[in-house]
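Quick heads-up: structures coming right below.
What follows is a pair of complexes built around chain A, which joins chain B in one and chain C in the other.
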Partner chain A sequence: MANIAAQRIKREFKEVIKSEEVAKCAIKVELVNDSYTELKGEIAGPPDTPYEGGTFILEIKVPETYPFNPPKVRFMTKIWHPNISSVTGAICLDILKDQWAAAMTLRTVLLSLQALLSAAEPDDPQDAVVAKQYRENLEMFQITARHWTNVYAGGPHVNSDCDDKIRRLVDMGIEEHQARAALSSYNWDLERATEQLFS
Partner chain B sequence: MNVDDDTLYDDSGNETSGDDVDFVIDVDNASNKELHSYDDEYQYEVLSTDDIVQHMVDCIKEVNTVVQIPLTTTRILLNYFNWDKEKLMERFFDGNQDDLFKEAHVINPFKKVNAVKPKISNKLLGTEECDICFMVFPPTQMTGLECGHRFCYQCWNEYLTTKIMEEGVGQTIACAAHNCPILVDDQTAMRLLKDPRVKLKYQHLITNSFVECNRLLRWCPSPDCSFAIKVSYVEAKPVACRCGHVFCFACGENWHDPVRCGLLKKWQKKCDDDSETSNWIAANTKECPKCNATIEKDGGCNHMICKNQNCKADFCWVCLGPWEPHGSSWYNCNRYDEDEAKAARDAQEKSRAALQRYLFYCNRYMNHMQSLRFEHKLYASVKDKMEEMQQHNMSWIEVQFLKKAVDILCQCRQTLMYTYVFAYYLKKNNQSVIFEDNQKDLERATELLSEYLERDITQENLIDIKQKVQDKYRYCDGRRMALLDHVHEGYEKDWWVYSE
Partner chain C sequence: MGFELNRFQGEVDEELVCPICSGVLEDPLQAPVCEHAFCKSCITEWISRQPTCPVDRQSVTSPQLRQVPRILRNLLSRLSINCDNAQYGCTRVLKLDSLSAHLEECEYNPKRPLPCEQGCGLIIPKDEFKDHNCVKELRALIHTQQQKMNEFQQEINEQRFLIAEQRREMQLLKDFMRAMRISNPSMRAIADAMERDEVLRWSNSLQRARVTRWGGMISTPDEILQRMIKRTLTEMGCPPHILDDLMENCHERRWPPGLCSLETRQNNRRQYENYVCKRVPGKQAVLVLYCDNAHMSEDMMVEPGLVMIFAHGIE
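Right after this comes the complex of A and B.
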């Protein structure tokens, strides 16, 4: 790994560890291996959002040419958000693409992602299905996002209605996550989700 | 997404290279301008890479005598206005100058702004910390633009190198600080870059964007040719590069009279659609709806921003429509349109019949193209023949008719080739029948000429052959002109009706 990149990551690592956000348990970075090429990030779901109470794990890959090229970041924790793929965890955020500036750091990236969770950009969607729901049925979106936070990110809000519907599909032999994804896409309409799964 | 946009340039070393070369150098402007014209009064100049740089410097100076700001700032402004001097002057003198500089992402040279205070490291007094590598340097090893963001020399070099070599950005590299839009000027870039290879590429990018932005300039499309053509107004006319390649200035294709640029482009797209490569291209790429650059999507969301530095169109990958409405009223492109689907089915049936017709024309077009390639070989054999005849008591001048005949044969082939493109799109009417007669006549004469040239020339039949060849090529040339004149007249009088 190039000298600058390693040097930078080491320094940034310290920066995040001693930052005040860590004290508030809002963001965290961990090493995955010793070479500083791969890191594990963690952000807390911001308060007053459906993600509140959840902890979201991020995969951060640092390229050779860091900090002149942006780090590659992806959500490992499954999440229901217009700008994040519900399938792959890929993120649509300008600073991770062409708006990246060499003077930005892991801390600013993690904080920007946290900000993205509180303020979605449905006009620039990564996941078209989620974005559609966000625009057309905000309440349904919030229910879904909260449910996903509960199941995948350890959020506190259990939604028994959702769980019931998923169980009915699981009883029919559908894998649990597949059932959840289908129901989420069809605004928790059991009939349409079933139709889609068996067609 | 990847946009293949730098194939135009060859690294033939035609460019001034090496260290300490600046764009803003004063080169003695010995005027060696030479106006050419290919067949009629359409005049143009052939520029070498050095001439282009000179031309660019002249443009900058010309504007600078009026606006009186630093040369590097003038360049950024000119680039912002796609090298349209009038537009720049207009905005400079009529509009709000502050806004103008802001839009073009440069610091207003008439104003001293409060520069960002350098970050004083608390470890050592009198040192600064570089925000990129986090190392501490004495102030002499730190540098920055007018905006006041300072970084160490090594980081600047790395940053510019990444932008230039990986992203292919030239004129529009911004300051490395977060959210700072101020652009790096060429002098600074050349000063901060170390690797001569990167410098050369940077110069290429800058000259390239100058030529691409400038409507009156066009690179010679011939492979490995580094000349550009400069005209005083844009028209679909033939121009001949110093390398010998003759092409249409408006579209850059081989000179294609009688068919016009738009139809030719359509035709070529159609022809290309048949090959294997194009199957792959069709399956994996799309074209930018604004500049037609071919784009491969290799990740990310559907909001595309064309990477062609002179285009930067915002559009949706799915429907190729502008991005704007997607933002405000949600995707129209996810709705299956029943009427459109029916139309598509009808179109499919029609296309079967159209295919037959297309193959007919394509076949003939390809034939002439193939023959044209063979005729280029003919030059070699004709040269041998000419030498042989000179051995048989004929003077040099007496045998020149053979070369002339091959010249005309090639011209006729080329014209015939494009008449099939024209004919393919033409709707039948009285004039199109006359056109087809002309075409038939020219084709028959051309084939005869070709046949005569293939014959062995012996002492006995020499006089006879010469007479025949001369008569035939004069006839061919005449018929070719007649055909072209007829088509041109039709353009003027709106005779031609197109089928697609």
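Right after this comes the complex of A and C.
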């Protein structure tokens, strides 16, 4: 790894650990290997959002050319959000692409991602299905996002209606996550989800 | 890239840290409007990718970058830093502005070039001494030199071949021209005129010489002296078709009747001053060309001219 990238990441790692946000348990970062090329990030779901109470794990890959190029970040925890792929966890956020600036740090990236969870940008979507739901049926979107937070990120809000519908599909032999994804995409319409799964 | 923070004694103010490399600023430059400061190498690298300030994204181009204020430079130069070779045992702690001078002479620098004292005299980095073997190094050196010499030798052979080839072609051309000259009278006239013009042009390009003591004339110059003069004439650009004749005419056996013996020379010495002589640079000799001396009586001149060599007395 280039000298400058290693020097930066070491310092940023310390910066995150010492930051107020860590004290408040809002963000966290851990080393994955000794060479500082890969890290594991963690952000808390922001309050007053469907993600509240959840903990979201991020994969952070630091390129050789860091900080002249942004780190490659993706959600490891499954999440229902217009700007994050519900399948791969890929993130659509300008600062991780063309709006990256060399003075940004792991801390600012994690805080930006937390802000993204608070304020989605449905007009610049990464996941078209989620974005459509967000625009057309905000209530349904919030139910779905909260349910995903509960199941994948350890959020506190159990939705028994959702769980029931998923169980019905699982009983028919569908894998659980597949069932959840299908129901989520069809606004929890059991009939349409079934149709799609068996077509 | 800046200096690593942990090399400094005491706390370093956040303002002295480069936001790009997170080291202490090295050769800092600042953005024109927002005045954010960066290491020169860091900001240059960033701007080559994106012409903005890395902190606030205001547009910045390379020519707009400016020297940072003196106060910032002073604060930087006062910081105390340990030597780059601390890991090799150097314990010096220096002000940042005297670091580079110290590094030049730091004896702990494992890469410091030193001359080998075991006999080969090669200058090698200090850390390579333990694996250094004079004989091996010199052998390698000889080997590369040998290779170079072989290459040059090949080159020379190649050039020799080319020269020989061109010589043959030139000879052929000369023969051809001679044949044309002989077979065609008008061609002969043209060629003669060309040769005369060439001699005239050459003569005009030469400086006048003055003979102060005609008595120093050597009427029977030896072979070595003749070769020396001939070489100089060639270097002076003497037209090749008169060179041999001129050289023949440096000896009294080929001189005109008025000069060919001591006795006639004695009789005619008053006429010497009428000769128009040209200098032969660096030599005690003069050129008396026929084209310059048409005014002289016939028994004092020959074509295409004379070379007079002296023991002394030429200006």
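Couple of notes before you dig in:
The rule is simple: the second predicted complex is superposed on the first by the 199 of 199 C-alpha atoms of A that agree within 3 Å, B and C clash if a C-alpha of one lies under 4 Å from a C-alpha of the other, contacts with A are read in each partner's own complex, and residues count from 1 in each chain.
The rule is simple: a contact is a pair of C-beta atoms (placed from the backbone, for glycine too) under 8 Å apart; a residue touches a chain by one contact, two chains touch by 3 or more.
Remember, it's a predicted structure, so these values are computed and weren't measured experimentally.
Taken together in the superposed arrangement on chain A, chain B and chain C clash. Within the superposed three-chain model, A:Gln126 lies in touch with chain B and out of touch with chain C [touch as defined at top].
In the superposition on chain A, contact of A:Met140 is made with neither chain B nor chain C. By the touch criterion defined above, A:Ala90 lies against chain B but remains apart from chain C after alignment on the C-alpha atoms of chain A.
By the touch criterion defined above, A:Pro67 lies against chain B and chain C together after alignment on the C-alpha atoms of chain A. Here chain B runs into chain C after the superposition, and of 21-29, 75-83, 93-101 or 183-191 the stretch doing so is 183-191.
Shared interface residues of chain A (contacting chain B in one complex, chain C in the other): 4, 7-8, 11-12, 67-69, 101-104.
Residues of chain B that touch chain A in their complex: 131-135, 149, 151, 154-155, 158-159, 162-163, 166, 176-180, 299-303, 305, 326-328, 330-331, 334. Here chain A touches chain C in the complex through residues 3-4, 7-8, 11-12, 67-69, 99, 101-104, going by the rule given at the top. Looking at the complex, you find that chain C touches chain A at residues 1, 4-5, 19-23, 36, 42, 45-46, 49-50, 52-55, 57. Residues 4, 7-8, 11-12, 65, 67-69, 83, 90, 92, 97-98, 101-104, 108, 123-126, 128, 131-132, 135-136 of chain A are the ones touching chain B in the complex.
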